[in-house]
Amino acid sequence: MKLFRSRTKAAGLAPGTPVYVGTPRTGDVSITVFDFVADRVDERRSCSVDECLPLRDTSTVSWVDVDGVHDADKVQRLCEHFGIHPLVVEDIVHTVQRPKVEDHGDYVYIVVRMLQRDQAGELRSEQVSLLLGPHWVLSFQEEPGDVFEPVRNRIRTGNGRVRKSGPDYLAYALLDAVVDHYFAVFEPYSERIEAVEQQLSRNPDPELLESIHQMKRELIGVRRAVWPLREALSGLIRAESGLIGKQTNVFLRDVYDHAVQVIDTVEAFRDTVSGLLDLYLSSVSNRMNEVMKVLTIIATIFIPLTFVAGIYGMNFRFMPELGWHWGYFGALGLMAAVAVVMVIFFRRKRWL
Amino acid sequence: MKLFRSRTKAAGLAPGTPVYVGTPRTGDVSITVFDFVADRVDERRSCSVDECLPLRDTSTVSWVDVDGVHDADKVQRLCEHFGIHPLVVEDIVHTVQRPKVEDHGDYVYIVVRMLQRDQAGELRSEQVSLLLGPHWVLSFQEEPGDVFEPVRNRIRTGNGRVRKSGPDYLAYALLDAVVDHYFAVFEPYSERIEAVEQQLSRNPDPELLESIHQMKRELIGVRRAVWPLREALSGLIRAESGLIGKQTNVFLRDVYDHAVQVIDTVEAFRDTVSGLLDLYLSSVSNRMNEVMKVLTIIATIFIPLTFVAGIYGMNFRFMPELGWHWGYFGALGLMAAVAVVMVIFFRRKRWL
Amino acid sequence: MKLFRSRTKAAGLAPGTPVYVGTPRTGDVSITVFDFVADRVDERRSCSVDECLPLRDTSTVSWVDVDGVHDADKVQRLCEHFGIHPLVVEDIVHTVQRPKVEDHGDYVYIVVRMLQRDQAGELRSEQVSLLLGPHWVLSFQEEPGDVFEPVRNRIRTGNGRVRKSGPDYLAYALLDAVVDHYFAVFEPYSERIEAVEQQLSRNPDPELLESIHQMKRELIGVRRAVWPLREALSGLIRAESGLIGKQTNVFLRDVYDHAVQVIDTVEAFRDTVSGLLDLYLSSVSNRMNEVMKVLTIIATIFIPLTFVAGIYGMNFRFMPELGWHWGYFGALGLMAAVAVVMVIFFRRKRWL
Amino acid sequence: MKLFRSRTKAAGLAPGTPVYVGTPRTGDVSITVFDFVADRVDERRSCSVDECLPLRDTSTVSWVDVDGVHDADKVQRLCEHFGIHPLVVEDIVHTVQRPKVEDHGDYVYIVVRMLQRDQAGELRSEQVSLLLGPHWVLSFQEEPGDVFEPVRNRIRTGNGRVRKSGPDYLAYALLDAVVDHYFAVFEPYSERIEAVEQQLSRNPDPELLESIHQMKRELIGVRRAVWPLREALSGLIRAESGLIGKQTNVFLRDVYDHAVQVIDTVEAFRDTVSGLLDLYLSSVSNRMNEVMKVLTIIATIFIPLTFVAGIYGMNFRFMPELGWHWGYFGALGLMAAVAVVMVIFFRRKRWL
Amino acid sequence: MKLFRSRTKAAGLAPGTPVYVGTPRTGDVSITVFDFVADRVDERRSCSVDECLPLRDTSTVSWVDVDGVHDADKVQRLCEHFGIHPLVVEDIVHTVQRPKVEDHGDYVYIVVRMLQRDQAGELRSEQVSLLLGPHWVLSFQEEPGDVFEPVRNRIRTGNGRVRKSGPDYLAYALLDAVVDHYFAVFEPYSERIEAVEQQLSRNPDPELLESIHQMKRELIGVRRAVWPLREALSGLIRAESGLIGKQTNVFLRDVYDHAVQVIDTVEAFRDTVSGLLDLYLSSVSNRMNEVMKVLTIIATIFIPLTFVAGIYGMNFRFMPELGWHWGYFGALGLMAAVAVVMVIFFRRKRWL
């Protein structure tokens, strides 16, 4: 996951000018529309913007899901028709927003970050903008692929409450899908942490450090996505907007609870990962110390022995020991004795 | 204690669908019922769900204790009859909730985490859900074995206030039992910490590190269980729910005090354990330094001596000293002198 | 000071059952009574509980000071007569409470921790419970020996306001004595810290580490005693209990100020002690580095010299230098030159 | 960026005496004036103070942009005419203010810090004071060069709302330009961080440390500029000053959002940079350990070999091996065997 | 600066007993009086207490500046006449107070800490007590020498507002002088920090550590002086005491701003100094590593060479190489080759 994304292209322009700052994308914006009441649903894929405009005034519940905000003009045209403030349009297209909730009276603007792992297990973060109006929900995503499939299925089959409720429940269901998916994002952590822990005790190699460091960075990213969301949700619940029914408020409190749980989990993971880092460092230094100690001891034992050999290698004319018959074996014996004494000494000091 | 538990199975389902996520369990859910007034108590074990349903409408105080929430259907049937909101049922079964208190008007929903040590001394965390209604208390646990036995005994014998008071006091008594047991969970820490401290000064080995690290992880877990509980209790006390009498509120404040004390203790333990880690690291490095220093000094003393021996081992034709009669002993004396000077030097520098 | 004390004996009992958990004590509870008005004082030592009971209803100011709460029955009998709630009695006897203030309408319950150093300079923490009623103050201590002697003297001699004021001022005076004594507890720190600092620069040995670690632990303990006290006092001042006159409130604010000052001092000590630890570690590592460096340099200088000696110790038949007349002295000169060059090199690199 | 700037010159003077404390500057103060209504704009460069004074009473929107506050007299004369409080004038000239917003009823005083990178990529911080009156905006900068050019262009061309709105929108546009430029200041970080990370794994050299340290210092500076701004903006939005229309308030909330985003980003960068430091240290120590280990192993292998050579270099008369025909090759074989055994041993211990 | 000062002498006395705890001082208390209205000033030095008493009832503004509080009796007599509460008198004399503001209705009591550097550059902290009454200001200092000279000059010359305003403005001016001087106290830091930084990269020696440690301690002290002051000032501004005019309140807000700026600066300095410590430690360890590495490499290169020399120093009878004519030079060549190969190897591994 990229932690930071350039914003410069937008700086310097008049406020309210929508400028896309995400990964450059070509191809068309894809719009999917769900239009439903309790007993009927109409799903249209690849709509044009013009097809969506009439939905503003129908009394059915309409969900216009725009996949791709790189075509700022289309987004602007759609939003203008639905009466969205230019600053909001700017935020939709300018996909570096913090999660937030803004109540504009006629509609509520919600920004969340959708986290997903791609095939390579890489974490990807995408801005999702939700606009909740009296009879419609507009949603804007950056990239193809999302976590809303279960919601779509419930709309198609009529399972659960989503078809029987208004657009507020639909917005809730989308929020809930995003927040619930955060847990799936955490799934691999428990295992990874356990794996790292086991390896640490066996063989602390620098790749583990890399792996710990990466988890840490991902957690910083997740944290940035969830902390502001919690505040935002709490604001939304307290705001008592006319657009959100009392019943849906109960459900929003549930999403809020989940967000708090995510934060809780992130913080606990952060603590644990910090602990792993400490453990890694202690482990490396323990291991290194062990190596150095044994090697130094070997060296230290041989140094006096070499010294003894050096003495009897001197060429003095008068060295009585040299002439002794058992001199050589005596010297070897002396060396053995020195070695044994040193080993005993090291053992007693518990260095060996 | 497992810090994190998978939630994925639940993600993607319609909100309000109860899905069990704990350790897979077979066997039946075991339901125990206490039905009592001040002068009479009726205890029934292994009830069926149907036997419990009439208790909703009797005027006696009823405690339905459900041990095992893996059979989501039974839980749902029971709860539906008592008028519990589907989202609450989902939370009861979905045993990864943070401790919280929700006042639903007709009943109060309380989630706490029950901590126990099993035979192996391993810490186990279990979600306990309490539902407090006008004449009944429903409690849901994940696993057999709990900390409620003293409460049961007081109901059986009529000791204390529990039989003379309403369901609010019963709920309080259960909460109190859970929170009081946290202290028992801490019991082994003081001793373990002292043991670790004593060993540290004698022989800092890597197992101690492991032990410190484990205490740290357990404390992260306990902290996650208690912090939110405190907030939740504080909310409950201030909420002035009609279901909780003024007298019981005094007792709840007592539980709140205990929770604060637990937090206090956890934080102090965390500080202490962090201090132990620092002590361990300093201790290891002190010890290592000591070893290295002595060994290096030994090596350093012999290096010049070996050099002297090397000089007189050279084969130059004209080396006057070699012919001297006392040359050999003079060389030995020189070596001894060098060694003594170096030892004195090291001592004066306080390196030895 | 013991940081943590077992609570298990109390867990599992009905709430409101007083159970003593402190150090086991035998011998009788000692009760001292002061009964005074502005111009008269009556001091009785070693009273029985029965002698104290009538004091509830007299209009003089009575101070019943109970030294020892290990005899739970006596405490309970006394308290019951004075109309104290069973949960309060439990807290008095169960001496592991956090400092707190509870306004029960008819009386105010105050828990503080009295810190004292014993002869060995060891820090000891004792729970003191104060009960302030309309005409009386009950105080409960765990162990003989307290910090109230100055207050007693003022009552005896009639110095200051204590005899002229009501029981609220007396309670204040006791609180003030406890809080003021915290400063005496800190007294030795400034000197110890300075001593440690001076020794650190001269000779950082592991005992200093031990000493720093112990200060750290004591400060954790003191902090646990004082932080909650501050909150509690602030609550008491704002509560405007009818039992505390407006004039005494001014004095309570003074105690509050002192408590804040204590916290301030503790925090500054903690910062300083942490700094000492850092200094210790840097100091040890500096010293170690210095040792290692010099020793390594000695070794490094001799290694090439020994190599030169080794060359001329070889036994090749044709080694022209060996036959030279000045060969030996040339070799010695070469060695000296190598040594000098290396020393100069090390000096220039500022390693020496 | 200089983190701290001397304030001493100002200390000791009567409050309300404006004293310039920035980099000494010569040359004249340069004043630029924009005077506009929706359909007409009048831009005057290098105005004198006297030319500006009449603008106070015209009904057009006037922006007086003063570049350079080192000439305290001019600033004072201008401000006095516009009715600015002496303490505010002192703050304008005394360019060490924290960002703040003060509502003085007749005008609003806003201090922000404008951050820019100069040609060398060095971060420069400049105090910008904005005064928002009923028909005018005064702005004061320290140095030539600012981030307001896009705003000026919009005034000149009549793009966006700025010409159609009042002075409140103009003040907002200036604030927005300053805050938006913070993101440009961060631009190089992402790349620098990535570059540092890549280099770390390859070759951790001390220059990286320097680079990390500098990023850290810059972030401290940016943080000091933005944190108080957020509070100040939040205060401004809530204050509901009569000088700021309801419509402009919506825009201010947008600036506030951006400020929060900046803080968010700064905090995430700080976390990341701290992580880099840890990574650097681990990396250095890993690398060092690796070097030391291999070298020590080489030394350790040769030490026993040299010892063997030393033995057969001894000059004892009776050393049977010396006379053996294959003695020499036997000795070489022995040495080879020892070396192989040690290498195998080291490999098995995974030290090699 | 001494961080902690003994308080014991005061513990145990009746509250309201003034006891001096500062550095023992002999000599008389020196009292200076300024008595002024807009157009007239009367300055009297070395007044007696009795001369000051009538000033309570005159309608001119009187400033009684008492230099030295070691003579508790005089302070008490003066204060009693001006109607000051005994606890306040105790605080004035007992010079270990935290900065605070107390509104006693008839007068406001303000405690601040005056920080100054003495000739040696040592930081000195002194308690200054201000009492603001309806027509008078009493100020109490511990030691001769203060930062009020500019205020005195403004009174003497009639510059600024001080003569034209009431005692509230005078008290403000004194506070302002104290707070503004904090910046002068910081003055040397920027330079010291830069000096330390430059030296660090060149030659990290233990004196730098000492210097960093001392800055850290001073900053702890300054922080203790300023944090509570900010709270206190904020309280004073909100309190709307009748003794402080609306106009002076604007000025107090300015002092408050300065205090916040001081805190801000202290925190940034603390961050920077912590960064320096990290840098020092990394720098020392970098340098040490560099030394060790080069030395170890030298040793490692010579060890195999010495081994080769050792081989040809052996005394075996049959060593064919010894008889070769070019044997000696061949051996030397072998050694050179080994050395070159090792250097190349080390270079390629980038260890050299």
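Remarks
Each chain gets a letter, A, B, C, D and E, in the order it is written, and its residues are counted from 1.
Criterion: a contact is a pair of C-beta atoms (placed from the backbone, for glycine too) under 8 Å apart; a residue touches a chain by one contact, two chains touch by 3 or more.
Here the structure is a predicted model, which is why all the values come from computation and not from measurement.
Touch-path distance (fewest steps) from chain A to chain E is 2. Residue numbering at the chain B/chain C interface overlaps only partly, since under half of the positions present are found in both copies. Once the centre of each chain is set as its mean CA position, chain B and chain D turn out to be 42 Å apart. Chain centres here are Cα averages; for chain A and chain B they lie 26 Å apart.
In whole angstrom, the spacing between the mean C-alpha positions of chain A and chain D is 26. Each of residues 285, 292, 296, 299, 303, 306, 310, 313-315, 319 in chain B touches at least two other chains.
Chain contact topology: the protein chains form a single closed ring, every chain touching exactly two others. The chains touch one another in a closed ring; read from chain D in the direction of chain E, their sequence is D, E, C, B, A. Interface of chain E with chain D (complex): residues 149-150, 154, 159-162, 173, 176-177, 180-181, 183-184, 186-187, 189-190, 201, 250-251, 254, 257, 260-261, 264-265, 268-269, 271-272, 275, 278-279, 282-283, 285-286, 289, 292-293, 296-297, 299-300, 303-304, 306-307, 310-311, 313-319, 349-351. Taken together, the chain C residues at the contact with chain B in this complex read 2-4, 6-8, 10-17, 85, 87, 96-98, 100, 203, 206, 209-210, 213, 216-217, 220, 224, 228, 277, 280-281, 284-285, 288, 291-292, 295-296, 298-299, 302-303, 305-306, 309-310, 312-315, 319, 321-328, 331-332.
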